[in-house]
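Shared between the two complexes below is subunit A, which has subunit B as its partner in the first and subunit C in the second.
Up next is the complex of A and B:
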């Protein structure tokens, strides 16, 4: 059990990296506290797995430090770091039975038979593998193999941390939900730091207390699922979290308003002042589709727009309108009034965010 | 009602293969069957003898001896070449220029014709001009493959190991390269020892290529002919006379076509039976539970 700290960590797969693009992990600092349930969320190729392998010790970072409870572990092997890791694709020892597979890490630690037996049965029960214990791992279905693979990661109870590298990707959707609950329960039961890598925001938010969102080798935001949704710190967070993602409009700042195509939208004065001081030419206005208001009648400050598309997604609908050539999506509930043709748009002030150079402008 | 149009013209496409196989295998094989159950003097004088030839060859001590020798030889070859091949494959560099170099060097013995291999070792083992022969002699060993049966046997065995271990090593190397990195990573996380990695990851993943390697090496070594024939001529005495040589002597040397045909059928069935039993046992093992 340990607190995991990354200090000015960077990694590149190239021998002599020069540009920032050469880095799989750009220089970062990050802390995962003891006993937390964390998710590392991001699109494919953003460096999630690289970061996880650095933490577990399968990969040695190009620069910076990995600290477990304040102690540098950069050059310690995975065994010395005492971490467990579960991989994206099932890794089972084909010739062993399910029981032997689960017992393998414990046997390598030299535990006595009774302890091993108790632990293996506990984990097998949690993963619903009890009836398969005596089967050969090779003859299991892909789902069950992945459960065995996960079980081997979870079976050791004295580990510093359990790292899960997209372990549910290959699992059947109906089972996925169940296993996610199981993972969460096991976490609460054993109080071990768990880091779950995933590209599925739903998986991340159901499992984790805190989500670190990665983009282009950097953690762009670390916060609760709610924070990520309500206060995206980076335009990518807005785009990646939520379905559909946040609306962004390129704007310029004049007279306390964000202006685009001759229209102007008022923003919070404090934020406005801060943004003007930054003097950036890359200014974006962002609002989540959930917070966009649609009105039948013209209102003060509302934008006059035309509906171009409506997608019915069952329990809710996505309305796309066009404002001066810019598409803006709004989410309306099932039984809301459905606009057609002309509609008036307003943005509630608290949910209207301003981004300078892709980062949130935030008045404290 | 759906009318099924029958068009089986495509069957004509397999005719060339059928003709080829018939001429190269089926008809010659049937000829042998024909010879094995008749005593044929010429086209007009053929007498049906039933299983006489079979009974005769099975009672022939010369054939029995070479059959025992043959099994001993094939078993030794497999026992040495398979573990050695795996070992070589495990020790090879995994990638880069050095790996390519190893592959090329390993492939060299496989490219040499059988009788040339025999000649190479015949000279290599000579005490007067051969490097190995003179080296062994100068070290005080009484080595002479032409007069000492044990030396002859060992030389034939070492020659086969030299010639064919590469095949096993190359097959295993390709098998090892196909193991995903995640297996090794998981083993590292699980604190598996080097032996465990071999026993529970590498060996099981090599199983399929090893089945092929064992079958190939069994069949090939069981039919070995040119190399010992060139190296020792089957001697000294009969110590390195293997089945194929005994058979050739019988069929072409003495022109005993009836017994020779009977024996080649038995020879064929032995290889078929052993390979079949081996293969089925291995594949059945997978199906348990």
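Up next is the complex of A and C:
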């Protein structure tokens, strides 16, 4: 069990990198505390697999340090680091029973029979594999095989950390719900640092206490699911978290307002002052579709807009309106009034964000 | 062209894969097959493509039986979950390959490839090879190849399953727009209810090789014919309310998104539940709760209820909560699981077995 710390870590697959884009991992510092449930979230190609391989010891970083409980492990093999891994596709011995598959990592360590038996049954119960223990792995469904594979990763209890690389991708959606909760329960039960790599925001946010969101080789925000949703630190976080993502409008700042196409939207005075002082020419207004308000009647400060599209998603709808050629999405609930034609749009002040050069302008 | 399936069945080694499926897909329609893994989606698409033959039943294209027609002459395209491209050919040549097979002239090919590549935002990659592209670009290439030959039937077999969800959101929207004006029959298979709703079009629910219900996605969602249809379109699962029963063995169920933690009306049903775990997604909370073990039918499991709540709600395992079930949102089923007219559901029809209904009960 360990705290994992990355200090001035950077990695490039090139021999003499110079520009920032030559790096798969741009220089970063990061800490995963002992016993936490963490997710590393990001789109394909953001560097999350590279980072995972650096932590597990499959890859030696070009510069910086990987520390387990303060001790540098850069040059230690995965076995020496004592890290357990679960992969995207099941790794099981087809000819062995489920029991023997789960017992395998423990037998390798020379554990005694009683210890092995206790642990195997514990893990099997947690994953609801108890009734399958004597079945041969090759007779299992694809979903059950992946459960066995996860069980093998989780069965050793004295590991420094468990790294899970998109373990639920191949699982049927209806079963995913169950497995995610089992994983969470296992984490609570065993007090082991767990890092889940995923490109699925729901998987990340429901499993992890803290999510590190990666983009272009950097962690652009490290926070709780709620922080990532309500206070996106970067426009990419606003875009990537939430479906659909945050609305962004290019604006300029005048008289306490964010202005576009001759329209002006008031913003919080403290944020406004801070943004003006930054003097950036790349200024954006951001608001999530969940927070945009639509009104049937004209109101003070509300923008006059036209509805261009409505998507019915069952329990809610996404309404697209257009203001001066700028599309803005708003979410309305199943039983809400459904707007058509001309509607009036307002942005509640607490949820209206300003971004300067893609980073959140935040008054402390 | 249109595609009609009449009472189509197929078994493999005595195991029924598809049972008595009838569907009618009109020209220009966007059709979604929604079902879990092994529901029969791929088997059904293979029949539509002509890759497999049914044991019984008819498949008609534009009214003509196509069972004898070889696949090459059916003008069908298929896109798979795995990105299938020719690794030794450039993106341009990958997209061009069906046109070359069809013997089109170089200038026609050039125009067509560029047009379709620009629609799918891969025009700048035409000279690259598939393995030099990201997963999303590789799947766009495979899609472009399927689209370039103006097929009368295009089959998408979970084409976005291997991509990150943001990319899926984008490609899904593009796909819908691509076929807006087209006469092509599109069939799209997915395991996710939310994807079926986002794609719109006509959804057919498949389960164990049978077509359970068919109709516009939001209608099938709102008005399921039976318990199974309601369950297949629920994410997470449909909540059966075993504590409420009427005199004639009616059963009640509610979707996770319709449960509230505050009473909406006096007629709301309500239950005292214990929190198992709260999953917080940022904008929503999935609250998994359970009732103490009760007996219902032969099943002895403690009943689980899951609510999908807007906003952040912090709960610890073991906390007690009162969950409310607005009557207007209840599904009411007869003893065989068929839906009953929701308007006839009233507080009189519902009698608490263990806990009394009502906001103050």
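FYI, the second predicted complex is superposed on the first by the 360 of 364 C-alpha atoms of A that agree within 3 Å, B and C clash if a C-alpha of one lies under 4 Å from a C-alpha of the other, contacts with A are read in each partner's own complex, and residues count from 1 in each chain.
We adopt the following convention: contacts are C-beta pairs under 8 Å (C-beta built on N, C-alpha and C of every residue); 3 or more make two chains touch, one makes a residue touch a chain.
Bear in mind the structure is a predicted one, so any value in this text is a computation, not a measurement.
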Message = Just to be sure I read the superposition right, which of the two partners does A:202 touch: subunit B = first, subunit C = second, or both, or neither?
response = second
Message = Quick check for you: in the superposed arrangement, does A:95 touch first (subunit B), second (subunit C), both or neither?
response = first
Query = Of the partners subunit B and subunit C, which touch A:351 in the superposed model: first, second, both, neither?
reply = neither
Query = Of the two partner chains, subunit B (first) and subunit C (second), which one does A:78 touch, if any: first, second, both, or neither?
reply = first
Request  = Have a look at where A:104 lands relative to subunit B and subunit C in the superposition and call it first, second, both or neither.
outcome  = first
Ask   = Between subunit B (first) and subunit C (second), which, if any, makes contact with A:87: first, second, both or neither?
value = first
Inquiry  = I'd like to know which partner A:185 touches here: subunit B for first, subunit C for second, both or neither.
reply    = second
Request  = Answer with first, second, both or neither: which of subunit B and subunit C does A:135 touch in the superposed model?
outcome  = first
Key: Between subunit B and subunit C, more extensive residue contact with subunit A   = C
Request  = Under the contact definition given at the top, report the residues of subunit A touching subunit B in one complex and subunit C in the other.
outcome  = none
Key: subunit A contact footprint on subunit B (complex, rising order)   = 180, 182-183, 185-186, 188-193, 196, 200-201, 204-205, 286, 288-289
Message = Looking at the complex, which residues from subunit A come into contact with subunit B?
response = 53, 56, 58, 77-79, 83-85, 87-89, 91, 93-96, 104-105, 108-109, 134-136, 138-139, 149, 152-153
Message = Touching residues of subunit A toward subunit C in the complex: what are they?
response = 43-45, 142-143, 169, 172-174, 177, 180-181, 184-185, 199-202, 205-206, 224-226, 228-230, 239-245, 288, 290, 311-315, 333-334
Touch list for subunit C against partner subunit A, complex = 36-37, 134-136, 162-167, 169, 191-194, 197-198, 200, 217-218, 221-222, 233, 235-237, 255, 257-258, 276-277, 279-283, 286, 288, 308, 310, 312
